[in-house]
Structure formats: structure tokens, C-alpha cells
Amino acid sequence: MKKSVLSFLFALLLVTVVFSSVSAQKAVGDYKMALILPGSINDQSWNATNYAGLVASNEKLGTNIEYVENIQAADYESTFRQYAERGYDLVLAAGTQFDEAANAVAAEYPDTVFCVVNGSVSTGPNVAPIFPREYEGSYIAALVAGEISENGQFATIGGFPNQAMENLLSVYEKVAVEIAKERGIEDAAAVRAYANSWDDIALGKQMTEQMIDNGADVMFIYANQVGLGGIQAASEKGVKFIGFSGDQTVIDPETVVASVDFDFKAFYTWAVEKFLNGELEGNMVHEAGIAEGIFVPIFTDNVSDEIQERVAEKIAEYETGEVDLTVYF
Amino acid sequence: MDEKLRDSVLFSILAVIAGLLLSGAMLLFIDKNPIEVYRILFSSLFRDKYTFFDIFVKATPLIFTALAFTFTYKASLFNIGAQGQFYIGSVVAVAASLFLQQRLPGLFVLAIVFVLVLAAGGIWGSWIGFVKARYQANEFLTSMMSTYVALNFMNYLLRTILKETKGEYPQTNPLDKTVWLPKLVPGTRLHWGFVIALLTAILIWVVLYRTPFGFRIRAVGLNQRASEMSGINAKKLYVLAFFISGALAAAAGLTEVNGMQHMLIQGFNPTIGSEGLGIAILANANPIAIIFASALFGALRVGGLVASQVAGIPPSFIELMQGLVMIFVILSNFCCGELDRKREIRKLRKAAS
Amino acid sequence: MIVGLLSRAVLMSTPLLYGSIAEVYAERSGMMVTAIEGIFLIGAWAGFTGSYLTGSLLIGLIWAILGGLLLSALYGWITVFLRQHQVVTGTALNILAVGICAFFQRVIFGVPTTPLTIKPLPQLAVPLLADIPWIGTILFRQNILTYALYLLLPVSIFILYRTSLGLTIRSTGENPEAVDVAGISVVKVRFLTVLLAGIMGGIAGSFYSIGYLGMFADNIIGGRGWIAFAICFLGNWNPKGALIGTVVFGLAEALAIYMQSLGGQSFFPNELFIALPYLLTIILTISRRSYNVPAKLGEPYVKEN
Amino acid sequence: MTAFIELKNITKYFSHVVANQDVSFSIERGEVLALLGENGAGKSTVMKILYGLYRADAGEIFQNGKAAAIHSPRDAMNLGITMIQQHFSLVQAHSVTENIILGNVHGAIDREAADREVAALAAEHGFDIDPRARVGDLAVGVQQKVEILKAIYQKTRLLIMDEPTAVLTPQESDQLMKFVKNFTSQGNSVVFITHKLQEVMAVADRIIVMRNGMVSGNLRKADTDARELSRLMIGRELTNAAQVKTERAGGEVRLALDRVSVSDHGAVPSLADVSFEIHAGEVFGIAGVSGNGQQELCEVICGALTPVSGSIRLDGRAIETLNIHERVKRGIGYVPSNRHRDGLVMNMTMAENMLLKTSFDPRWLKNGFIDRKRLDAVSEKAIADYRIKASGPAAILRTLSGGNQQKVIVAREVDIGEKLIIFDQPTRGLDLGAIDNVHKIIRAERAKGKAILLVSTELTEILGLSDRYTVLYKGRLQGIYDRSALTVEEIGLLMAGYQLKEGGAHG
């Protein structure tokens, strides 16, 4: 009897605790969250995109994400630590370069979730990188590029040759060339170069000019500010450019005829929502792509409706799972 | 003499304050309250143990690069290639550590790496001294150019043979914990590299002011011709001074790689060379004063980072602060010189009348 | 294709030649303008900001000149009038310039979501000349700043070697006391050449933002000011030499980019090409026989002892 | 009639000295005014103030009775004043024409026309100068002519010359004097800054004597004599450098030079086939106009220069291949003529300067560090022995007076030079007391049996101290003579390059 009373009381206590904890659950705005950026938020590319994601999340979800800019490699770890020490619930960091630091620090701060945007390493219950399947985005870009090219000569520039970069460029190149060949351009080919820089605009412009001189008629660049120089060059040389990672058609719609916008607003909202729902688990990489609505094709009037329709069809096809892009890697 | 020392200390402090005031005034452009920002900046330094000791983590490599500049400066040579020598040191530190870490016990590895780093940085530096001695090549120009060569050399290695095994980014694999410089204060990032830096600063002071070798370095710096006429081989000293200077800057590579970052990343600490120069000037090229000046620059950087997290000021504010402080320090050097001149004239007037 | 490469070499050489002629003037009077990197940066930023805010490239150019002038005036004040060390002062001002540009870029433009761009200076084909095969494309399909250079180069040679001003400038670098005794103010001459370097350095910097790229980024200069500085040494302190030095650098850069844009090489050391101009500078500095360095380069002029 | 120029109460302070105090005098039209005084008396300073190079801390300047505001040499030139600096202010890398027109032309330069103009001007005054020649390639005497041409080119009415004869042979000096007479006869004025009494008596109409920054005499030449002038100049009676009678030291040969040649830049040798011997206990003098190879001779012996041919022996052992450091160890001391440039580190302490030449010597070391106690003790002893006015071993050398700086270097070199001491112009710029002191030391070291090489442009010094001497002209010895073998006139001819026997021009 006594035992049952005790167990009853215990159960009651348990319910109370659980209940009270539920009722005391924080409002969204009370979560302490921060985003670490490797560059300055007005860099008009990677950092700005991530910052826009943060703003969107704050607006849509009512979160209160803070940010810190221009963190140099030497300060990755200390910055993670400083937030963790101060009891932050979620620390985001923009770029895979934060992978090492996040994994190194995480074990000491189990109450903080570390989320590296574009990250791909997770070795702890509280390390939860989110990863956009960029090759899905470059697939969309390739669908457009293959259709609009006149001579089938594709040129790409990547920032640095990491695995993710190589995959996405390979998908782009192979798909674009395939489509061009289908269209009857037998000698369609692609050439790829690395800028080994994320921010040398002048270099981007010069390399692009050189590649156009070498015959390219559709440019595709994924190298942050380097790409801005590329658009400039393409515009002057009258060559088409497929924008990537942001809506670059606004820069020069005559040149950037289409762009694959990484909807980091959607991406961040998706990730932060996951976190709020307790779904941002560790020991795994959370990938998002076409299905999650991260990649949005944007067309200008310079791309015919016909082409736009064909691209839309292909995307729909992909969503059904009929296409396996990993074969292109 | 005493008046001179007093002036120089007083004016250095005033210069730092003036630099902070003027850069603080800039904050008004972005509608921030400078007083509030500086309160956050400086109070944040004492917010917790971790942040506080980070000042010295930041100061560690700066002490080395400032010493590197100072040592050649005493011989009236300009080594502005400390950045490149630091890169060389970093590359050697990371390559040697990665190669040896599985093969030998940690402390043993550290000792070998230390020697290798000093040798590599020294050799990299000494060719600048050599071409100066042999071909009268302007060391200012060659040392500056050498930084870009070192940078591209490092970038090439990071992109190829030193690249991490997962092959993603131009960076190396992380080092094993066994070859890390041990922590000095638990729960912080402060490592033994700081102690090495302190001892090095003292050692450099002793070498410069208490040994015949240092005496000759200073003599060549103050009057090269008289030194040569006195049987001192200035050309040999050029090479030696640059060797030591290069080794000092390279040592910063060791403390940063084995003590702090535990790997090598592209674009690693891109400003410690020029900051070192600024510190050397602020410290009036005195190895002991360099310790304090480095701590100040470290504090500005740590505090500035926290302030940009908390108060939302742009990160370029740190450069603004450092640049203005340096300018005011240079101006204060002028003021000290003028005061000294005026004082002498006053004395003469008194004596004459 | 080779024409395109050469044409680009001319284009990219333009700011370097502005910068190195600026250094030639200053160093001939004994002043190393070590703030050249900062002057380039300020020029790039002010040029862009002026153009963007007013919509006029001309006003942007004027802003760039004023920006370069302002920084060089500060440099000149400290080194010429207060006689502080040129290398040290330059280092401080270069750091300060980075801070100023990045900080005020934020103050003025905030955090834009799309890139801020302007239409850069257009390429203008010179009638008739532009139609000459090869040479026409390489030399006469450039922008106005490049054409201005075609004028500036001979004018600079004339000024330095055929006018009283040039004679004074050259004498100041060789023997400031002689200039002083001849009744010309050494500090004025030196301050003047530093200001001149500021103007030309400002134009050079603006070339990157408004002459070529149509935008501004914090590291848009990325060491190119130092290349101009090095070219002045290599060019043996005269405008003709500067021209030759610039062509060498321009070609090396164009070649590096050509190699890079071919793509497909992983172990191929692109970096070697990037570092090539710097290596070349070192090698030439060492191997140069007739070293024409102004006798009092870098030394402040102190009259009273 | 008012004076052409009048200086009133000029006072000027430098950071470590009072250069001028209450200096007042006038300069008349058509006169040669000598400004006489020892080095450091403030002669050059007051003229630099008149020329606008320096700014006076107090005082006024009048021209023709009107206050003249002279803030720069340009103002002075506009008033018709030109000054030729002691060390000239010519741009070595530029041509004669470029140097002459510097500051005097505006706008574009027609080089050919300018060359013609300069050539004509030179011809007019009987100067043989190629307008296109690079100044650095010209002899010093010719460079002075370039300076004079420059002044004439500016149509100057008052020409100030600072120690103009210091670099000239007696014959060249005569030419200069002729020019001065000719120039003043046209109503122009000349100010002659000098410390040489003979010169003053030869050329001046009126003499201003300066001592310690103040005017100590203002006399017409006709009313004074050398004795009075020297008293005004040095503040007490000049006693003739007494020729101390000492028996000829019969020591063995200490230093022997055999056909030593030094080539400077390959073309003209700066020393050619120089041979002589110095015995222990002997002072060997080198006379000659400065710039004729004296410095090269000293440096080839101390080890700073390597001979292209010939041998140098110390106590019979060849030393020409040894470096400075090794020769220091063998006991060769060297007091260079330009002590600021070649012998001292002005921003180091007195003790550190004592260490300068022997820093390699293990005797200064204690546990690998500098034994500061020992160094201080040695320095204290030098301060006591040589009566150096310094606050102690830690005094920064810059704060010492010129004479005391010289004592520091002498103390060091006497200590080093156990076998041989080279004195190059050891009394230049010193006051009389200090000169006396140095002379005493030289005699004392001679008496100790050291060999001494004494280089001086002051004949009285050579004749007063040397046992034997030679004259150096364009790097060659003009014969070796015993102390009293020649007259001053004969030595003058040797200094100018004439051979006594043939009587014809040399080289």
C-alpha cells in the first residue's frame, strides 16, 4: 500500500515536473542564438546571404539571433567558446571552415548546439551541421546553361577545390554538356578553373575575360566576390552568365539571364525551426536541397518560356527521384 | 635622461588615449555611444577567465613579430617581412609536427619542431641580410617581396601536399594532442607559448644590452661606418641579425600552430607582421616594453571582438583603433624630440644669461 | 587570343604605371611613399563612393584624387615636416586606410543585400588607330585613364629632365642641402611630390573600382600598391624604366591568369606565377648593376643640429 | 653712409650649444671682411643666419639701413647675398650646368642654351670648366669654381665663403685671392670665414674675430697684427708650438710600407707606390692638402682598405692581408680625422665607445656577458687619466664637448696601439688647451717607444712634432725629409705637386 502511495506520489511529482517544465518552456525569443560569420556582412555575397537568412529567421520565427562578423581562423574556437560559456543555446557558423573548431569545442558544452552551415562533419550529440546539397542547385543551373548555350562551350570557376565544390561543378559541367549534345552541338565541352580566392574581384574579372577569349559562351562561377568580377567581364564581352548562390539577375539581367538563388532565408528558417522543435540532432549532417525549397531558379525575360518550362519539367522529374546526380561526381 | 624617459612614457600613454578617443568619436557616425562601447570593450576583458587570458594568447605571436622587427631595427635594418617568416615558421611547424607526431613522443617532437622552425625562419630571413650585404639590395623591398613569395609558397603547399586528408579545404589535418604546446591555465587557451615569448623578450634584451654580439649589432645600427672601422664585420652582422629576426618571427608560427590553432589554415593571421611593427614602434623598440605593448594590442583585439559581438560595431573598428593609435604614437615621438630640444635650449639660455 | 591577353596586360598595367610614376616623382625627391598601398585603397573607395552617390564617374574620380591627396598630405606632414620615419609612418597609414575604408563603407552603405555596382569607365576606340590590326586592339581600345597615361608618360619625362621643377625634384633627392642653399624650400618640394604621388596614387586606386570593376571590396587592392612601389625601384627611378617594369609585371599577371583559366591542373603551381613578379623584383634588385638610387632616399632633411 | 649689411644682436641656440650670442657687425661695400675664429666659434652659424639657412632666435638684419626680412636663402639671394658652404652644396650626380642653374631658372629648360651660357660665363672669368661634366667627376678645386660661377650667375653683390682654402693648394689659394680682389674692386663685398691667420693678413680689409659665439674683436687689418688676432681668437697669448728637443730615437723598424698602392675605383690610384718606414719611438709626419690620399694611407695601415699591391710589415711580419680586428689585436691604434663618422658612436655611452674596437676581446667577458664593472673601471680610469669632462662612464657621448669626445677616442686608441698609433688630424676642431693636450700625449707615447704616424694639414703641427715627414700629393710621396730640412715655401710647392729638384709640374 505504502509502496503504491509512494509510487503514486512519485508519478505525480514526475507529472508536475514535466508539466511545469513544459509551462516554463522558453518563448522563441528567449533562446540565445548567435551566428558567426567569417567575413563582413556587407561583402555582397556569402556573408551577406547568411546574414539575410538570419534576418529572415528573426522576422518569420521571432527568434533573436545575434551575429558577429569577420572572425578570423585564429578566433574560430574562442568565439564558439565565448558564446557557449555565456549559455547560448544555438551557435551557428557560416562555412565548412568552422567544422574543426565546432567539433573540438562541442564536447565541453553539451547544453549548446553547434550548427555549421555548409558543414559536413559531426562527431558529437550536439554538433549538427546543415548542408545544402549544392550540386542540386548546380543541376538546375546546368539545365538552363545547356539550353541557352550557342556553341556548347561552358566555363566554370570555383573558389577552392574542395569536395563539395568539385561535386557541384562536375554535375553542372556534365549535365550542361549532355544537354548541349542533345541539342545537336557535337563538340560541346566544359573547362573548369579555380580562382583559389573568394574575394579577389579583379582576378575574377580577368580570369573570366580570358576564358571567354578562349571560347566560352556561358559562364558559371561559384566563388563569392570573385564571381562579381566575372559578371562584369561577361557583361562587357556579351556572354551569358548563370548566377549562383544568390539572385544575381538583379546585377545585370542582360548578362545574368538566370540565377539559382540559394534561399538561405528558407534554409535558415528550416534549420532554426528544426532546432526549436528539438529535431536538430547531433551526430548527423542535416541536408537540404530542391525538396526543401532551398534552390529557387530565377529567370529573366532573356530565357524563353519554352526553356523555362523544360527546366521546370526536369526539376519535377528530379523531385520524383528518377534522377541520381551522384553518378556525375 | 630621466626627463626623456618620463616624456616618452607619458606621451606613449597619451598617444594611446588620443587614438582611442578619436576612433571612439568615429562611432558617432554609426549612432553608437563611444563611452558605452569602450565600457563594454574593456569590461569584457575581465568578464571571464577565458576572455582575460585570451589577451595573452593574442599577445604571444605579436611579441615575437615585434621582437623580429626590433632586432634588425637595432642594426638599422628594416625587416618588414615578418609576416612571410611567420608563414614559413607555420608551414614548417605543421609539416614537421604532422610527420613526427606518430613516430616520437610529444615533447620530443615539440623540441625538434622548435629547432626546425627557428632554423627555417632564420634561413628564410638571412638571405635578405645576405643580399643586402652582398649586393646592397634594399632590404626593405626584398623583405616585403619575400612575404608574398612565402605566402604563395604556403598556399601551394596547403593546396597540394599539406592539404587535409578529407581534401575539402586548403588547410592541414589537425595535429595530435600530443604535439600541442601544453596549456598554461586550465580552462583557457593560454599555452606555454606565452611563457616562451616572455622569456624570449627578456633573452633578446640581454643579448642586445649585455653581450658583445648585441653591442655590435647596436653599434652597427647607430654608426655603421665607425663600427666597420673598428673591425666589426657589418655584413656578417646583417646576415646574423636577419637570421635571428627571421627565427623570431618564425617562432610565432610555432606558437600559433602548436599552441593555438593546432592546424594550418589558409589566410592564417594575416596582419601579425604589420601589427608587430606597430608594437615595436609603440614600445620604442625596447624588448621589455614590447611585452606590454603586445598585451595592449591583444587587449584591443580581444575587447574589440567582444564589443563587435555585444555592441554590434563593425569589425573594421579594430583596424581604425590600431591605425589611429599608431599614428598618434608616431606624433608623440615627434613631440618628445621637440620637448627634449626645447629643454636643452632653455638650459643653454639659463647658462648663457 | 594573344591579342586579348596583351590588351588585358595593358589594361592591368595602367594603375601600376600611375602608381610607379607617382613613386618616381616622390622618390626622386628623396621620399619613399610607403603609404602607397593605403593611397590606392582610399582612391578605390573614394572613387567608387563618389561615383555611386553622385552617379558621375568624373565626380568619383575627383573624390579619388581628393582621397589620395588627403592620405598623402597626412603622410607628408608626418614624414616631411615632423621628420618621422617613412617606413613606420607608411605602415601605420596603411592599417588606418583599411580601417577607414571598411568602416565608412559600412557607415555610408550599411548592409546592402545586392551588390553595389556602377558602370565602369567604358572602353573607347580611338578612331582610325583602333583599326590597326593587333596594335589597335591592344593599345587603342582602352579606357580614358589609359589614354591619359599615354600623355602622362612623356609629360613626366619632360618635367623630370627638361624643366626647372624636375631639376629641383631630382636635386632634392640627391642633395637636399644644395637645394636649400639654392633658396628652394626642401620641405616644400618634398611635400609637393608626396601630394603629387597622392593624386596619381588616388587615380590608380580608383582605376580598380571605377575604371575596371565597377564595385568596391575591402581587399580590392590586395598588395598592388606595393607592386607599383617595387616597379619604381626596378625602373631605376625614371618613368621609362617604370614603363618597362610595368609591362613585365602586366605580362606576368596576364600569363598567370591565362594559365589559371585553362583549368584542370591541381599540382601545377599557379602560385608560382602569382609570386613571379615578386621573385622577379628580388632577382632584379640583386642583379642590377647601375643602381641609380637617389642618394638621400628615405632620409629626412634636418637643417639644424 | 650706411653699411651694405648690418647684423644687430644676433643670438642663436642649438640643442646642445649656444651658437651665437649678441653678434653685431656690419659689412661694407667693396670690402673683404674676414670672419676669424676657431672651429665652433659660431662664424658659419651667423653667416648661415644672414643667408637665411638658419633662423636667429633673436636679433635683426639691415640692408642699406632698412630692416631685411631674410627667412630663406631665396630672400638672401634677392638681396644680392650668396654663400658658398664649406663642404659645397653641389649635386654630385648632376652636370655643372644643372648645378649652376638650380633654383635660378623657371619653366622649361633649354639645355643647349644653358650650357652655352655657362660656358661663356666661365670663359669670362678665366675658369676652364666643361658645362656638361658631371660634378662628381671634378676635382675639389674645380668644384669650388663651379660654386663661384653659380654665385656670379646669380649676380651676387655679397659673396660669403666658408673656409674656402681648406681644400686648396697654396697655388690654388693664390688664384682664389686674385679673384676675390678682382670681385671686390667692382664694388662687391666678400666675407671670408676662416681660422687661418696668414690668410686673414693676406686678403682681408677688415677682421671680425669671434670666440665662443660672441664677437671678440672688430679691427681694420692695418691696425692689427697676428699676435693680437690670435689673442682675440683663443683668449690668451699664442705660444709657438715649442719644438721639444729630443734625441733621435734609434729604435728598430716598427712599420714598413713597401710600394703600397690603393686603387679606389680602378681608374686613378688613390695611393701609388708608397714606401716608408717608421721606427719605434719615432713620429713620422704626413703633410699635404687634405684629399690627397691621407685617409687611404691611414686606412690601408689600419686594415679598412686592402692594397692592390705592395706589402705592409709590422715588426717584420706582413699584415696587409689581416683585417682590422686582427690588426687591432697586434697593437695598431687609429685616431681617424672624422671622429664622428669613423671613430665614435655618438648615441652610445662613453663606456660603450671604449669597448667599440675590442668587443671581441675575452677580457671584457664574464660568464659570456659583458663585464660591466670592468668596463666601467677602465672608463673611469680614462676619465681620470685624460681629464675627460663627463658625468661618468654612462654619459651619452653626444653630450660631451668635441674636445672631450676626442679625448675618449685618443684614450681608447692609445690603449690599443701598443705598437703603432695613427693620428689623422688629431687636433682638428679642438680648442687650444685640447690641442696642447693631444700634443703632449703624442710626445709621451713616442717616449714610450711607440711608432707614431701623424697626418696633419697644419704644417706647424707636422714641423713641431715629427722626427721625419713626407708630403703626400695625389697619392704619391714627395720625398722623405728630416724635420728641419725644408722651408715652409718649399713644402708648399711639394703640396702643390711640384718637385723641388726639377722645379717643373708633376703628374
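Labels for the chains are A, B, C and D, by order of writing; each one numbers its residues from 1.
As a working rule, a residue touches a chain if its C-beta (ideal position, glycine included) is under 8 Å from a C-beta of that chain, and two chains touch if they have at least 3 such contacts.
All values reported here derive from a predicted model rather than from experimental measurement.
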Labels of chains that are neighbours to chain B and to chain C: A, D
Chain located farthest away, centre of chain D as origin (C-alpha): A
Distance between chain centroids, defined by C-alpha means - chain B, chain D (Å): 46
Geometric centre distance via CA averages, chain B-chain A, whole Å: 38
Centre-to-centre distance between chain C and chain A (centres being mean Cα positions), rounded to whole Å: 39
Residues of chain B whose C-beta touches two or more other chains: 155, 159, 314-316
Multi-partner residues of chain C (at least 2 other chains): 102, 105-106, 218, 266, 270-271
Set of chain A residues in contact with two or more other chains: 40, 161, 196
Chain-to-chain touches, reported pairwise for every pair that qualifies: A-B, A-C, B-C, B-D, C-D
Touch list for chain D against partner chain B, complex: 13-18, 21, 57, 299, 302-304, 323-328, 334, 336, 341-348, 352, 355-357, 359-360, 364-365, 368-370, 396
For the chain C and chain B complex, residues of the former touching the latter: 32, 74, 78, 82-85, 87-89, 91-107, 218, 223, 226, 229-230, 233, 266-267, 269-272, 274-275, 278-279, 281-282, 285-287, 291, 293
Residues of chain B touching chain D in the complex: 1, 206, 210-212, 215-216, 218-219, 222-223, 225-233, 340-341, 344-345, 348-349, 351-352
Interface residues, chain A side, partner chain B - complex: 34, 40, 66, 68-75, 77-79, 81-83, 85, 96-97, 100, 104, 120, 160-164, 196
Sites on chain A touched by chain C in the complex: 40-45, 48, 51-52, 155, 157, 161, 191-196, 199-203, 205-211, 213-214, 225, 228-229, 232, 236, 246-247, 250-252
